[in-house]
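Both complexes shown next keep chain A, but they swap its partner, so chain B is in the first and chain C is in the second.
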Partner chain A sequence: MRYLAARLLLLLPTLFGVVTAVFLVIHLIPGDPVEAMLGETAVAAEKDALRRELGLDRPLLAQYGGYLAALARGDLGASISTRQPVLGEIAARWPATLELAVAALLLAAVTAVPLGVLAAARRGGALDNATLFFSLIGVAVPSFWLGPLLIIVFSIGLAWLPVSGREGIASLILPAVTLGAGMAAILLRLTRSAVLEAAEDDYIRAARARGLPEWRVYLKHALGNALLPVVTMMGLQLGALLSGTVITETIFSWPGVGRLMIEAIERRDYPLVQGCVLNIALCYVFANFAVDIIYAWLDPRIRLER
Partner chain B sequence: MKRVIGILLPFWLAACAPAPPPANTLVIGVETGPATLDPRLATDAASVNACRLIYAPLFRRDEQMRLVPQSAEKLAWKDPLTCVITLRRGLRFHTGAPLTAEDVRYTLLSIVDEKSASPLKSSLGEVAAVDAPDPFTLVVRLKKPFAPFNAGLTFGIVPRGAGEELARKPVGAGPFRFISYEPGERLTLARNLDYMDGAPRLAGVVLKIVPDETVRLLELKKHNVHLVMNPITPAVLPWLAVQKGIVVKDAPGANVSYIGVNMRDPALKNSLVRRAIAHAIDRGAITARLLKGLADTTDTLIAPPNPFHATGLPQRPFSPETAKRLLDEAGYPDPGNGHPRLTLTFKTSKNPTRRTQAEVFAENLARVGIAVEIKSMEWGSFFGDIKSGNFQLYSLTWVGIADPDILHFIFHSSSLPPAGANRGGYANPALDRLLEEGRATADENGRKRIYDEAQRLLAEELPFVTLWSGRNVAAMDTRLKGFVIYPDESLDSLATAWLEGGD
Partner chain C sequence: MKLKAGLFLLALFGAVAAAAPLIAPCSPYAQDLLRGLDAPSAAHPMGLDLLGRDILSRVIYGARVSFAAGFVVIAISGLVGVLIGGMAAVWGGRVDMLLMRIVDVAQAFPGILLAIAVMAVLGPGFGNLLIALCLTGWAGFARLTRGQILSLREREYVTAAVAAGAGNWRILTRHLLPNAAAPLLVEAAFGMASVIVAEAGLSFLGLGVQPPAPSWGSMLNEGRAFLLIAPHLTVFPGLCLMLLALAVTLVGDALRDRLDVKRR
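Up next, the complex of A and B:
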């Protein structure tokens, strides 16, 4: 419990740094953001109005104070192009991103961890070589190539799955596979090497000496200790997944936060871009926090050190 | 077991998918969804096009870009400051409420209101007062004569009292009524059975948002989508042309690309140098090869089929020899040894298409002895530099050119940024006079004569080098009939189009 409290307390400076960095984003844009946002046909009165609305006419420190105060109220401002609250715009896209992220991560974990353990157990065997081959491909193939390829095979050729869009569970499969493939490849290699490393340890030899069946040695004893790096990697990947996966979302017309950010950038909708960047940062911060907690749960030593 | 799953899986997946849209509903694959569905605030093409399906304007532009009455029956100028518009009878909003002159008055006032952020504001000039003496008559009084006013009457009419909620729950009197909008996914519309020109034959229209072009075209190939409009990368047109059940059509557009010139520059203020540049650039080769024929070279911003397009303008055919001769005359002789006669900077954004074009321009100009340094910049900095006049040459596109009064915004000496877009600082009293006269002349024939002369003057003087007007291209299901490609990419013809075998 004390460990949890300490971790939570440590989050505060991180969050503060994130929020400050995001605030600076709008002030680092080359040129006048108002000019860039309104385009060429805007008249001076419109520009002044927007400048006031964004508070760009006030001194930097006052703007920063106002921004922090608004943030504390959960107010991220309004989108310039849609005139809707930024928070609402992001929240509306979250379910799609969450759905895809969870599906991809589950898919990756469910295929990679068992295969990794098997590959380690049958080290040098046909299965090990096959997984090595496929994980190399999985890491090397970019999603902008894999996505369209899957569409051509499964949607156009076999006509099993929809081409794009978010319409029922069938439409989730191809984007989840596209996104999960690379991740599964990394997790598989990681699981395999971690299990192999653990298998050298004395307690494994002790387990074998006690006459435990091989599957129990691997699943219960080796895997338990090998999970730590795997969980770290999954946490980092979850952060990336939750902040929106621009390429996969774009290919599959998936209405998630990654695409929202791209749309915002294309429309030079800075309040919305700011909100999306903040969202990404928070996803990473909290994914790391979650990893820390799971660590403590998996490895009692971490808890005891505190 | 595996085999059973293999056989059942596709069925199970199919069972999970939602019901397809009803037959006779047209699905259009679009790159982005509308940002707003309030026609007064729409700026991006997606919003403008969606609003035109939902709302009815007083006037609209037909496929020849002529203004034709829609909700209006007629328009008359009582004097240069007073315009009387008569509405058609029996107009109704999608809610069933009658559309009257009061609604038009409300819409117009909310556009020109001081606090309004409507981008349409400047298209209506300075409005002094708007009256609706009876439900079918609207009287608009202007502070000073403004001939482009008629062209500004293409805004969609909203119900009186409509506020911000319209952006997400639109109510209009157009051919299609709003059903639902899921941002990032789709906009669903159903036909308006009470539409003033008769109910559309299509049961509905769905704008399906498919951001990736390849996937958009694959959806078309699968016939999940019936229509995809520009942008279509020219390189995929040959593939599209051989697909079964798909037909590709193109038609002239209203977007004109140009090379902007800084008239304050010591070299470029010499008209001989500008003419040399125009002769040096091989527009024919660029439109044919780089743009695969999806552009027509033009010598004026007011490109065909705009009724104000001027013919018989001075031509600047591709001729490196003429360009070299003009540079000699201008005092930039060939120094020999492969040294350039003149060095210029060409600014462009990071857009890959623009950069490729800039490289071709640079190569063209190098052949006549003008060395060009390309500076490709992030959009914000690029546009900032263009507006502040910090450039020698740059290239951009004017989008959706309709009324010739745009020339006032681009070339009048009072239109220096930020008031206008005279970024090169061009000043010509003769042109100023013409553009002011054009603004104050209500008679269409008189206006045409004035703008013919203005276009001739511009083609003579070349305050910028007009390159080409893009052609609009549409790839569509062969079952889609009656669809017309408008120069401004409007989807107006969907009010009468149909899907064969659909109804």
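Up next, the complex of A and C:
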């Protein structure tokens, strides 16, 4: 409990910093958003009206104050292109993004962890070499190449899976593989080396000496102790996964927050862009917080330290 | 083995980028609209794009964009990061506190999200892309430099230098930074790989390098509409991007093993 409270206290400055940074990026970077939105041909009266509507005619500090106050009420302003509240637009897209991210995470974990254990158990064997090779490729392959390749093979060539959209479980497979591949590769390498490291430890020798079957030694004892770095790495990779949804959703026309953000940028809908950036960044901050808590729960040494 | 394979690939891409005007069979901008989307042939080994431009030539020139982004962003964000991390470590106290909170915030944005936000406001273009990636990239160098200096400062040779009357600046440049070089070099190698992929990613999203300039990312973006009838638009630029990212990662891996650096 004390650990949880201490960690919550550390969360506040980060949240405040992220909220401020997003404001600064949108408001301080040179360039006139009003002119960008209306085009250079717009008349001065139109520009002034939009400026007033967005509150851009007020001093920066007043804008910042207004922004914080609105944010505290959960008000992210209204989208310029649809006139709907930004928060509602984004909330409607979160389920798709979460579905994709969770599917990618699960896919990465259920393929990488068992393969990593097997590779470690048969170190130097054919399976080990093959998984190492594929994990090396997996780390380097960019999702915006892997995704189109998967479409070429599985949607166009074999016609097994849909090219894009979000209709049923079949449409989830290719996006989840595209998004999860990088993480799977990293997890695979990490699981393998963590199990190998654990296999050198005394308690493994003790387990063997007690005559436990080999699979039990690996599954129960080696993997159990290798799980901590694996969970840590999953946490560290969450950021890549979340920002990866932006690209993956674009490839597969997946109706999530990332796709919405790119559409908003194309339409120069700044309130919506700001809302999307804020949403994804805050989601990342909270996910990291959750990982820290899980980590403390898995490893009593951390939570009892203070 | 890793080092050799990585360096070989890297040298190959480097030579291709440097000698682009000499080895490219066509101009990367020369159009032949009537033959748009033609499949690979003897005359055009990687085929033609929608406007009938030779994809091999565009891939060759695209290597220049990737290298330019990688080197410029790592040089600038590395320098800024080392300076800020060094300042935080040497001055300590409130300066350290303030600078590290800024680093925290910069790192609280997942992956390329901050760069996407900056590009949304700045508008597309190569120069803006470099700015966006530098804004994202410096924080890792700052945190690493600060950590290195804080731990190196306790070493005996630093105490000896202080006893010998060396000033702060001399200790920083003569003793601390050279000894922090190995982890910084490894960070730079991995950073370069992610900058190269990030440049292509932003260009793929339409936020980076603009047509007609050839970036592997924007070429992949152009290929998206023709996956069915012209997959060669997608296959070749992506393959090059993956191989270059792989080469830089392999070099980083090998450097880390050789220099015995533990990453985070």
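Assume the second predicted complex is superposed on the first by the 299 of 306 C-alpha atoms of A that agree within 3 Å, B and C clash if a C-alpha of one lies under 4 Å from a C-alpha of the other, contacts with A are read in each partner's own complex, and residues count from 1 in each chain.
One rule holds in what follows: contacts are C-beta pairs under 8 Å (C-beta built on N, C-alpha and C of every residue); 3 or more make two chains touch, one makes a residue touch a chain.
Note that the structure is a prediction, hence the values are computed from the model and not measured.
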Three-chain arrangement built on chain A, chain B and chain C clash or fit: clash
Touched partner set for A:Gly275, first chain B, second chain C, both or neither: neither
First (chain B), second (chain C), both or neither touched by A:Ile251: both
Partner chain in contact with A:Ser164 - chain B first, chain C second, else both or neither: first
Touching partner for A:Arg83 - first (chain B), second (chain C), both, neither: first
First, second, both or neither for A:Ile156, with chain B first and chain C second: both
Partner chain in contact with A:Pro148 - chain B first, chain C second, else both or neither: both
Which of chain B and chain C A:Gly235 touches, first, second, both or neither: neither
Partner chain in contact with A:Glu266 - chain B first, chain C second, else both or neither: both
Which of chain B and chain C A:Gly180 touches, first, second, both or neither: neither
Listed stretches 74-82, 218-226, 236-244 or 254-262 of chain C, narrowed to the one that overlaps chain B: 218-226
Residues of chain A that lie at the interface with chain B and also at the interface with chain C: 29, 31, 33, 36, 148, 151-152, 156, 163, 250-251, 262, 266
Chain B contact footprint on chain A (complex, rising order): 29-33, 35-36, 39-47, 49-50, 81-84, 89, 92-93, 96, 148, 151-152, 155-156, 158-171, 173, 250-253, 255-256, 259-260, 262-263, 266-268
For the chain B and chain A complex, residues of the former touching the latter: 9-10, 13-14, 16-18, 32, 35-36, 41, 43-44, 114-115, 117, 119, 121-122, 164, 167-168, 182-186, 208-212, 214-215, 218-219, 221-222, 224, 378-381, 383-384, 387, 418-419, 421
Residue numbers on chain C that touch chain A, as the complex places them: 101-102, 104-106, 108-114, 116-123, 193, 197, 200-201, 204-207, 217, 220, 223-224, 227-228, 231, 234-235, 237-239, 241-243, 245-246, 249
Chain A - residues contacting chain C, complex: 13-14, 17-18, 20-22, 25-26, 29, 31, 33, 36, 136-137, 139-142, 144-145, 148-149, 151-152, 156, 163, 238-244, 246-247, 250-251, 261-262, 264-266, 270, 273, 277, 280-281, 284-285
